[in-house]
Each structure stands twice: as structure tokens, then as C-alpha cells.
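After this come two complexes, each holding chain A, first together with chain B and then together with chain C.
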Partner chain A sequence: MSLSGNYFAGVDVGSLAAKSVILKDGDIFATGLVPSGVNSVESGLNALNIALESAGLKQEELTYIVGTGYGRVSAPYANKAVTEITCHAKGANYLHPTVRTIIDMGGQDCKAIRIDQDGAVVDFAMNDKCAAGTGRFLEVMAGVFKVELKDLGAIALSATDTVPMSSTCTVFAESETISLVARGEKPENILNGIHHSIANRIAGLFSRVGIESDVFFSGGVAKNSGMKNAIEQALKVTIVKPEIDPQLIGALGAAVIARNFAKKEGLWA
Partner chain B sequence: MSVKTLDVIRKRLEERPDELRRARENGLKVVGWVGYNVPEEIIHALGFIPVRIAVGGDDRLVEIGARYASSKTCVFIREIVGAFAENKDPYIQQTDILAFDATCLQNYRAAEVIEYFFKKDVVVLAVPRNFHLDEAKEYFAHEANEFTRLLEERAGAPLDSARLAESVALYNDIRKTLKSIYTFQASKNNVISWEEVYDLIQAGELLDKREYLSLLTQTLDELKERQHYPVIASDDGDSRIFLSGSLIPRGDRKLISIIKSVGGRIVGDDLWSGILPHLDLDIKEISPAGVALGYLNRTPHAALPYLDLESDRRLKKLQECLSQFKAQGVIYHTLRYCDPFTFKAKETKNVLAKSGIPLLEIHTEYAGSDYEAMKTRVEAFVEMIKIKSEIAEEQSVLVDA
Partner chain C sequence: MGKQLFRYSEANKEKFLESDNITFNDGSTVSPEEIWHYLTEEAPVKYPSAFEVNLYQGNRGSRDETLPTSLKTRYLGLTFSARMEKAKDNGKSIAFIQGGQAVDPYTAADTIALRPGLVNQWNNGLEYGNDINKENLRRKKSKEKAFHDMSFEACQTGGYEHVQAGDLRIDVIAPYTVLRCSDISYGVEAHRHGPKKNVKLLNVDYPLRYQADKPWAIEYFAQNLRRLVNTLDEVTGRKTSEDDLLKAIKLHNTGRRLGTELAELWWSADVPPTNSDDRASMVSLGNLEVHGDVQASLSVLKEAKKFIAERVKNGVKGHAVADNPKRLFILGSCVGINGSRSEDAGAIVVGRDDQWSHCSSLVEEEGDPYYNLAKATLEYPYEQSIEKRAQWTIEQIKKSRADGVIFIHNWGCNTQAAISRPIVDIIKRETGIPTYIHERDLHGLRDEQEQNRVNAFVEML
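This part shows the complex of A and B:
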């Protein structure tokens, strides 16, 4: 497929980070990732500008832009807005056409998505009622142990035991963790327990939509190796390895959809 | 899409509370009914003015209701209790007698709470759980007679059989006309939307029944004039949504407005606040028991006991409606602590999946805090349906080529 000279962008503004992906000739050309600020329009533009800069492009040179994530509702720079559920499906399908199930764990919600061979959503379930199973929950736990969020997974993987965590509510889990530390439990074993407790909660989400191989893990939390391991155990699956930062999958899907819209609207052949 | 009679109906609704007040000053009594199997024709034939007490969408009233009813009571019933506590709703203010049924036990509990705390005159119709057994029907006939006796006491006169026959005929005409109007909303190039028909159905819960029938007839005439033969089919780019699950009363339009805002088109429902109670009501005998049994023999309410999947008339009715209105997906609305509908969501989803109809459950309450979360789910569901029909269209083009 030749897309020479045509650029399509996807911008995903989430609660913790704004991401962007630019496609050229059907290939990933540039990406951007910044922490989200209070102004979601600005956050989206910042992420897009980083990708544009690294690509040496101007915004006017983009044929089509699709906005996604919670910030999609206020994305004046985008030609269209599409939900993150549809975008994650397309993004995962773009990288791995054999993927049929996606676990997306972002800053403030967690999604179980089933897709078909075309990357179209077949079913989905979402948890966004509480912070359990989200990036925010892990962020709070990293705070309790005074470690970097990015190191949490590796610490959990070094555990020699799993300390069961009974609370899934962030507030209760925080105080339970403090009691476990006071009882003398090792931090890595507690963290391992926390990861497994989240994974079991995610398994509950999948009881609503089912699981079919291949399984893909997207969103910011997908960078956490301890979480990946716990989910593999809870769901009894092997998660496919992403070629790019899994946090960019929503933006990638949005870029793929931007390309499809551009074609449909006759903006490129 | 403007149907002129609908404006008349809106205006008549504004005038209705005052009209009820004047009717009461002239000695008439208003019966507010709450529930799913209250035989309204009996209330009407006894010379009472029936109005349905069904309010929703106000979290503040839910909180007030929670001072009287357990916080595990569904939000709909808590809001009703809250509305009685506050006593500002114009229809509640004009109610002399309340008629409840015990189809859903939460409804029955509301009757007890309202009678106890707010000293209202309450009449309750007991409803058998195992409604399909002959003994249950016998029991229900007996309860319908008792319900009628209690209302006769309050009317100060016995139920006249000729008046009951008139009321049944009037209500039958209303149901028939509503069903005809309903097909127009689901048609291609529709001139009336599902939302308008839904409001129209709920207007009938409050307006005078004879006037309501005449307004319905005018609406139908207007529709026929503008759209000779309604053909139930998709317009380009439609994603045809069917609404199911817990009722959506007056005042609660959160989910309905979200569906519309993300480009979904509602083309049908089997809600107990929508068309469902008006379907399949066949009164075989003009008597209190005959009317009540007609009600009970309709598609059963979800609060009545579990039926095995093969014989569950609720699912059969849903499937029948889905195919009649050419729906592409079901949004299944469950209210917080509405167990009758929440517990049936999963099996309904599994049954429909076999015929390729996706179902999205939206579990919600009357607070606005979940608006965005609901919107994301509904928007993704609508996108899913649109993509599915686009793929199907592309494939049919390929096959044709």
C-alpha cells in the first residue's frame, strides 16, 4: 500500500498522559507522549506537537486527525473524535492482526475488549467506578512504598511470596498495606499480592466478555512487568509482546482510523 | 420532524395539575397508582381519575427517600418515597388514594413506607409469584376482587359492569392507537421519533383518558397524512438501538439523551415505562378478575420468578420486538439495586448473542456523576454497531460485484 506524502495523526488524551502517533505510508512515523495537564486541549496539542517536531512536519501537513481518550470531547484540532475502545481495538489489530482480546489499563479505568479479525469491537466491559485496577491505584501504592511507579512491577517480580490483599478499594488498600508493612511483611511480597489482587479483579471483567487468544495488553499500566505477569497467571494466557510503547496503542488506533476516514472522505486514494 | 398534536399534548400536560385540582374541588377523587400490574380500568370505571406516580432522575429526592427507605432500595422507589416526603410533585399533591401492586417487592415496600410515614390512604394488590400456575390465577382473581372492594369502599359505590365494559373498550382503543403510532417512529424517513412517542406514552399516564384517546387519534391521522405507509427499515448511517431493562420514568432522560447525543437512534423498547405494558393485553371477561388476569397474562415483569430460558416469554417478546423494529443492538438499562432486571442482564446478553445481537448493560443511578462514563460506553457501542453494518455493507457490495 502506498501512502507516500500522506500523514495521519491520532491523539489520545487520557487522565494521566496525552499521546500522539503519526502514520506515514501506513507506517508509524513519529510519536509523542506528555503528562496530561488540567487543560485537555493543550495536553493533546503538546503531545501532537512533539510528534510533529520529531517528524519535521507542520500540523497543516496532516491529512486527517482523530482525537480519542477522555479529552476527545474537546479536541478542536481533530477532524473527528472516536472512543478509546474502538481505537485500542484498531491499534492492537494494526500491530497484531491475530489479536482477539485486549486488556487496556489506563490512568483511571480498565477495559476488557474483544475484537474480530478486522479489529472491529465485538464486545467490551469497563471498570471506571473505582480506582482499583488502574494506573491511579498503582500510583498510590508506589507512594506508600516511596518507589518510582515504573519500578513497581520489577519489585513485585522479585517477590518470594504473595501476601494476599483483601481490599480493592484504593483507600482501604492503602491502610491495609500500611498494616502489612507494620506486621513485618516484605514490600516485594506485598506488592506481588497487590498485583495479583488487581489481576483477579480484571479476570472478573473478562467473565463478562470472555477471552480468546491472542491477548494484548495496552495502556500505561501495560509497561508494568509485574502486572503483565499477574494477569497472565490470573487469565491463564500469554500476552503478546508489543513492538511499541503499549501506552501509545490508543493514539495508534486513532491514527489508523484517521487514515480510514481520509480514504472514505476522498482525501487520499 | 414536528407533529403538531404533540405541541397540544405538551400544553395540556402543563395545564393538567390545575385541572386535577379543580376536579377535586368538584368532588372527584384522584387515584395515584404505582407499579406494574395495577388494573387501571377498574380505577377508571369506579369514577376515579387515575394518574401514574412514576418519577425519576432526581438524586436529591433519592437522598430524601433514603431517610425513610433502606439505602438498598432501588433508586426509583427511593425517589418516589423522597417525592412523597417533600410533597412538591403536582401529581402527588393531587392524589387522594394510592394504589400499589406487589409485582416487585420493592414497590410493595414503598407502599408500606408511604402509608406509615406520610399517612396516605393506600390500597395494595397482591400479585402471585408463580403466575403461570392455575392456583396462582385463582389467588390473583380473589385478590383483584378484594382490591376492587377496597376501592368501592372509597368510591362509595359498587363497580358497575357496564361502566367497566366502557373503560375496557376505551383503554383497548388507547392501546391499539398507541401501537399504530409506535410503528411510525421505527420507520424509514420517520416523521416522529421514538423519544416523542415515549413522551406521548407517558403523557397518557396523566391526562384524561378520553381526551388522551382523541389526541392519540389526531396524532395518528397526522402521521398517516405525512407518511402513508411506514416501512420499518434503516435510514443510511442509522445505528438502531433497542432499549430494555429497568423502567425510565418521567424526569429521567439521562441515558436516552446520551444515546441521541452520540448518534444512536432508538427504534424500540420493552420498558415498563414504555410500550411493553400496552402490548398483548387481552381482557377476556368484563369483571375485576377478568381485567386483572388480562394484565397478569401479558409478558411477565422481570420481578416475577425465574423461568427457564426455553419458556421465558420475556425473552421471546424481546426477540420478537428486535426483529419487528429491525434493531441492531440492545442497551440494557439497570438501575442501582433493581435486582429484577440486573440479575437478568447476563442471560439476556447470552441469549441474544446467539442471534448476533450485541447487548450493552448500563448500570446507573440518578446522580449525574457517571454521565461521561456512560457516554463513553454508549458511544463505543454505537461505533461498534456502525462499523459492523459498514463491514456487512462492504461485504454485500463485494458479493453483488
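This part shows the complex of A and C:
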């Protein structure tokens, strides 16, 4: 592995996971992903150190670091902080310049983002206050059915029917689910209904900002195949397949922005 | 280890001491020397939370040390609680109001009118020595109590909970039943059934559904204003004449004119002459109500206009304002964004629609003052139909050269929530300016989630 070159890092500290991406010049060189702890400085550094270790680099060898996610305000290791909305836009654009619409579903929020050909944000909308339509909602549902979070999507895809879920609140949805199970509905059909209800809430966000192809799905929930399928049906679109873990897109965008800042500030030609 | 506190620099003292006294309603004055002493010696001990150097502090106030009126509005804010206590000790009546009205009738009836935010400010100032964390916890506790006593659904609970708890000596509750405060009923109902229901309550019935051009509606509302003044007179034991109201209208028109001139002067500048907080604190003086003392507001406003004119002439940029900042116009009732953190993100707030609506609405001075005040109040641009309000807002956006518009509505503020989308759609359609709508969390603290959205919007601009 050649270590000559310029290195730029993005660190995305979210509510459930901390992620990092290191770019070597313009290419993805290393990544890191750890669960977030209560100390966001530590979480971000842990994620960064994993990437540094796998790259065989030291932190001081990084030309520029950009912090993003809710932990960005507590990132003393970063040169600059940028919101994750801007970072997801840049990350998706880096992978697929034809992307114009992004759905980002993280642990505690969900975003509908429209971007232009340069990856600049044109418009965005986010869920406010409510956990319905987020990774945390799916975590609660996995708990109800006593299955692993990672298996939820596949179970939903095995459904033969879709049981509508009317509750818009995570807590009420939990009790509605218990009632549906008691009524004899099959778990996979209920889970399918849950995925579709989340997709419908996301569709509501797009009624504000609009949709234009290509469409990209980022964030931890994007790993859920059932969710991807439900969103494709709700929005009547085909989602572009990401080449890397979709949970890393925010950190990737932060690294791209770090490279741009470094260039602007004359740290990299 | 003690928290790091902001201190005003002695280097600016001399210039500050050359500025004017503040004159109060009771004829007393406070000199720049006394203000300087208060801000540098007394206040940091009484209210360390207001001086704490803390990234998350939502309302730290401006730190533009070279703008004397910035320090003076700070002084009026920090002494607010003590001044309200003193006013009560001296037998002054205080009314809790709600509904976005001008306070001319209260001034006429020798009564201090306080909105929910000011009632909270009075209560907040009663306890000394708190750092930011303790102060935030105290405010949250108060909010929790309001959820218990009123409703979890209500937006502005300030006032009612303090009346119920007997925290504050409020003599009368007199909200305007206007659409902008759809949750007034929560407070009114809680008050009717609460332990302090002996505190007088008057609903000033505002004819809804855009009746500004209907003589019957103006007459009807004028009658309600007479009821209001009569009720205030019952509390004070004095008799307010039509001439008293006319004098109050003239006084408030002076404030409204000055406030409007100051705002237009600020907008005319090539570079923002102050930061967001100073702009807001000075323009809002135009309604002469924000510090619970009409004369004090007027005296600082007159001086502020002079300083802003100087800055505009000399091309001075406000403290901590970025080069070529993105200019934001904020819409919605009882809301604003964190000025200092938004400036850190490269933005500046150039205007708000809410109280600017009645600051920029003069009241006719010839004829029946009740009729004239009723007519002006029914014509507030903010209270008009969506299309009319949007068109007025577009004019303000153009005058202020805003780059982006953020509409914020508090949780529970149902009317503003409902109309936010059509209003920003009209603005977007007719100006092409990017817009963003944000629903603010219940407790109203300016939290990280909100700042995240504001910063993303600024980055987008």
C-alpha cells in the first residue's frame, strides 16, 4: 500500500453510529464504523482511529478533517464542521453524479434532499420531533418481534400480504402491532405493513421537495432491503445501488468537502 | 472550576460613558456610569448564565461592545425582573397579554402589558446565581409544571403557570382572541379552573376572518377595546379618558415611526451595521413594550437610530458578522433563531414578520381613538388572509434583500402550522427565494436539532 499522497477525512457522528471515511487524493482509502456512545468526541475519534489503523496512517498525516452529524459540534479533531444534509449530498454525488434526490434514514431522523449536478443542496425536508420513520422506530419493532434489526427487511420481503399500520407514533405503533399479533396476523405481513407505513411517511416529505431521478438511499436504514423495496413502491422510483455501505455516505461527503476546503485554503493543489 | 464569563472590555468604557442616560416612565434616570457598573460588576454575579461563554447558549445577547445601545438593551433586559418587582412595590398594575396586539390601551390606562415571553423573563430573573445548565433546568421545570396545569399541547404557556403558582404579581389577564394564538383557550380554561381564578380575566374579542374593511367589525372591536380599558381602570382605580388614549397612540406612533426608520436604515446599509441580536433588540424597541417601560424603550430607540445612522454612513459591519453573510428573513409567531450561532454559520437575520407587522402600522391620530386603534389593529398585515399576508411579507423580504426565508412555528401553534406551507409557497413562487419550514419543539429551547436545520439551510444558500 503506497502512503504517498494527500489524505482527507470525514467523520460522521450520528445518534446510533459513528462513521469515518479517508480519501487518498480523490479515492476512498479507508473507512471506520462503530456504535455511538454517550461521549460524541470519543465516538468520533474511535471511528476515525479504525479508519486510520486500516490505512496505516496517523492522524497528523491527514491534511484536513471535516466533522458532521449531531456530534459535529463536539469534534475538536476536525478542522471544520458541516451539517450532514450537505455531506450526504456530496457523498451521493461523489458516487453517482447523476443522483438528484436522496433519502437519508438515520437513527433519529429522516431527510428528503434534492441536489443539483454538482452535489449542492437545492431543497430539503426533515421529520420534526417524531421518531416514526427512523432507525429507532425499526429498532423498537425488531424488539417487539424479538428478531435482529438486520433481519427485519428480509422478513418483510417474505410477506404474502401487507397489514396496514395506522399509528403515526412509535409507541402507539408498538401497541397496535401487539394487537395485530393477538388478532392472528402473520408477523411478516405486519412487518411488511410497518415498512410500507414508514415509506408513506417518507413520501410525505417528498411532497414538499419533489422527486427527480436518479434516487439514492443513504443512512443505516438503507441496509434494510424491505425498506428499500417499500420506498421504491411508495415513491414509484428505482433506487440506485450504492457501491459502499450506505451508512458511510455522510462521512464520505464530509471527506469530499474536506478535500475541497483543503484545496480552497491552499493546503492541497 | 468556575465557568468562564464574558466581560465587557474597559477599552470601550470611555465611549460608552459619553452616551445618553436612560429615562424611565416614573421620571427616574440611569446614567451610563451606573449601567457600566451594573453590566461589569453586579450582573455577572446575579446572572452568570447571561455572561457564560458557552457554545450552546441560546440567548446570550449581543457582544457588540462598541455599540452603546447594545449594552443598554442588555441592561434593560437584565434589570427587567427587578424593575417589574419595583413597579409592583410602587402600586403599578401589570397585565398579562397574548395575541400580538399593540399596547397603546395599556399605556393609556397606566398598566404595564407583558407578553408570555416577558412574563417568563420576569420570573426567570427572580433567581440569582444560576449558570446556563441550572437556568435551563429551572425553565424546563417551569414548563413541566405548565404541562401539568394546562396542557402538553399548548405552545405559549408563559404567564398562566406563574399566575397559578402565585410566582408573579399579575393583576389582570387580557388576551386578544386572535387566530395567531390558537392555543389561548388552554391558558384561559386552566385559569378559570385554577387556584388563582380571582385574578381578573378579560378576553378581548377580535373579529376573525379578515374583517378589516367592515365598519361593523371595527365598531365591534372598538367596543372591546373600551371594555379592555374599563377593566384595566377597575384594577387601577383611575379613569382613563379618550384623551389619555390619544396621547398613548401619539406616543406609540412616535415609537413605531422610529422603529420603522431604524429598520429601513439598517436595510439600506451595504454591510449589516449590527449583528442579528442587536438588529432585533433595537427594531423591537419601536413597539415601546419590550422592556415593560415605554419611556425607557423610547430613549434607547432614539439613541440607537443615531448610532445606526453613523455606522451605515461609515460602512461599519456589526460584531461577529461574516463577510457577505446569507441574509435570512424569519416568519412565524413568537419565534426567532439563535443569532450568534447562525452568524457563526455565515448567516444574519435581517427581519421578522411577527411584531414588525404592528410596528409598521401607524394609528390615525384624528377622530375617535378607539375606532382608529381598532381599525389599525384589524389591518395588521400579519393577521390578514394568506395571500395578503404573503404579499406584505414579500415586500419586506425585498426591502431587506433577504436570500432565504425560514418559517418557524411552535408545537401547538396550530394556525401558524397550517398556513406556513401556503405562505412560503407564494413567497417561493413570486420571489424564487429558497424557503424552509421548521416546527419548534415544545419547550422552546433553541436546541441542536433546530440549529442543524438552520445551518443546513444556510449551507444550501
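In this section, the second predicted complex is superposed on the first by the 264 of 269 C-alpha atoms of A that agree within 3 Å, B and C clash if a C-alpha of one lies under 4 Å from a C-alpha of the other, contacts with A are read in each partner's own complex, and residues count from 1 in each chain.
Rule of thumb we're sticking to: a residue touches a chain if its C-beta (ideal position, glycine included) is under 8 Å from a C-beta of that chain, and two chains touch if they have at least 3 such contacts.
Keep in mind it's a predicted model, so treat the numbers as computed, not measured.
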Three-chain arrangement built on chain A, chain B and chain C clash or fit: clash
Touching partner for A:I178 - first (chain B), second (chain C), both, neither: neither
Chain B versus chain C as contact partner of A:I85, first or second or both or neither: both
Which of chain B and chain C A:C169 touches, first, second, both or neither: neither
First (chain B), second (chain C), both or neither touched by A:Y70: both
Touching partner for A:A120 - first (chain B), second (chain C), both, neither: both
Against chain B, colliding segment of chain C, chosen among 4-12, 40-48, 130-138 or 166-174: 166-174
Chain B/chain C common contact set on chain A: 70, 82-86, 109, 120-124, 126, 128-129, 208
Chain A partner contacts - residues on chain B that touch it in the complex: 346, 358, 370, 372-373, 376-377, 379-380, 383-384, 387-388, 391
Footprint of chain A on chain C - complex, ascending: 55, 411, 421, 434, 436-439, 441, 448-449, 452-453, 455-457, 459-460
Contact footprint of chain B on chain A as seen in their complex: 70, 82-86, 109, 118, 120-124, 126, 128-129, 208
In the complex with chain C, residue positions of chain A that touch it: 70, 73, 82-86, 109, 120-124, 126, 128-129, 208
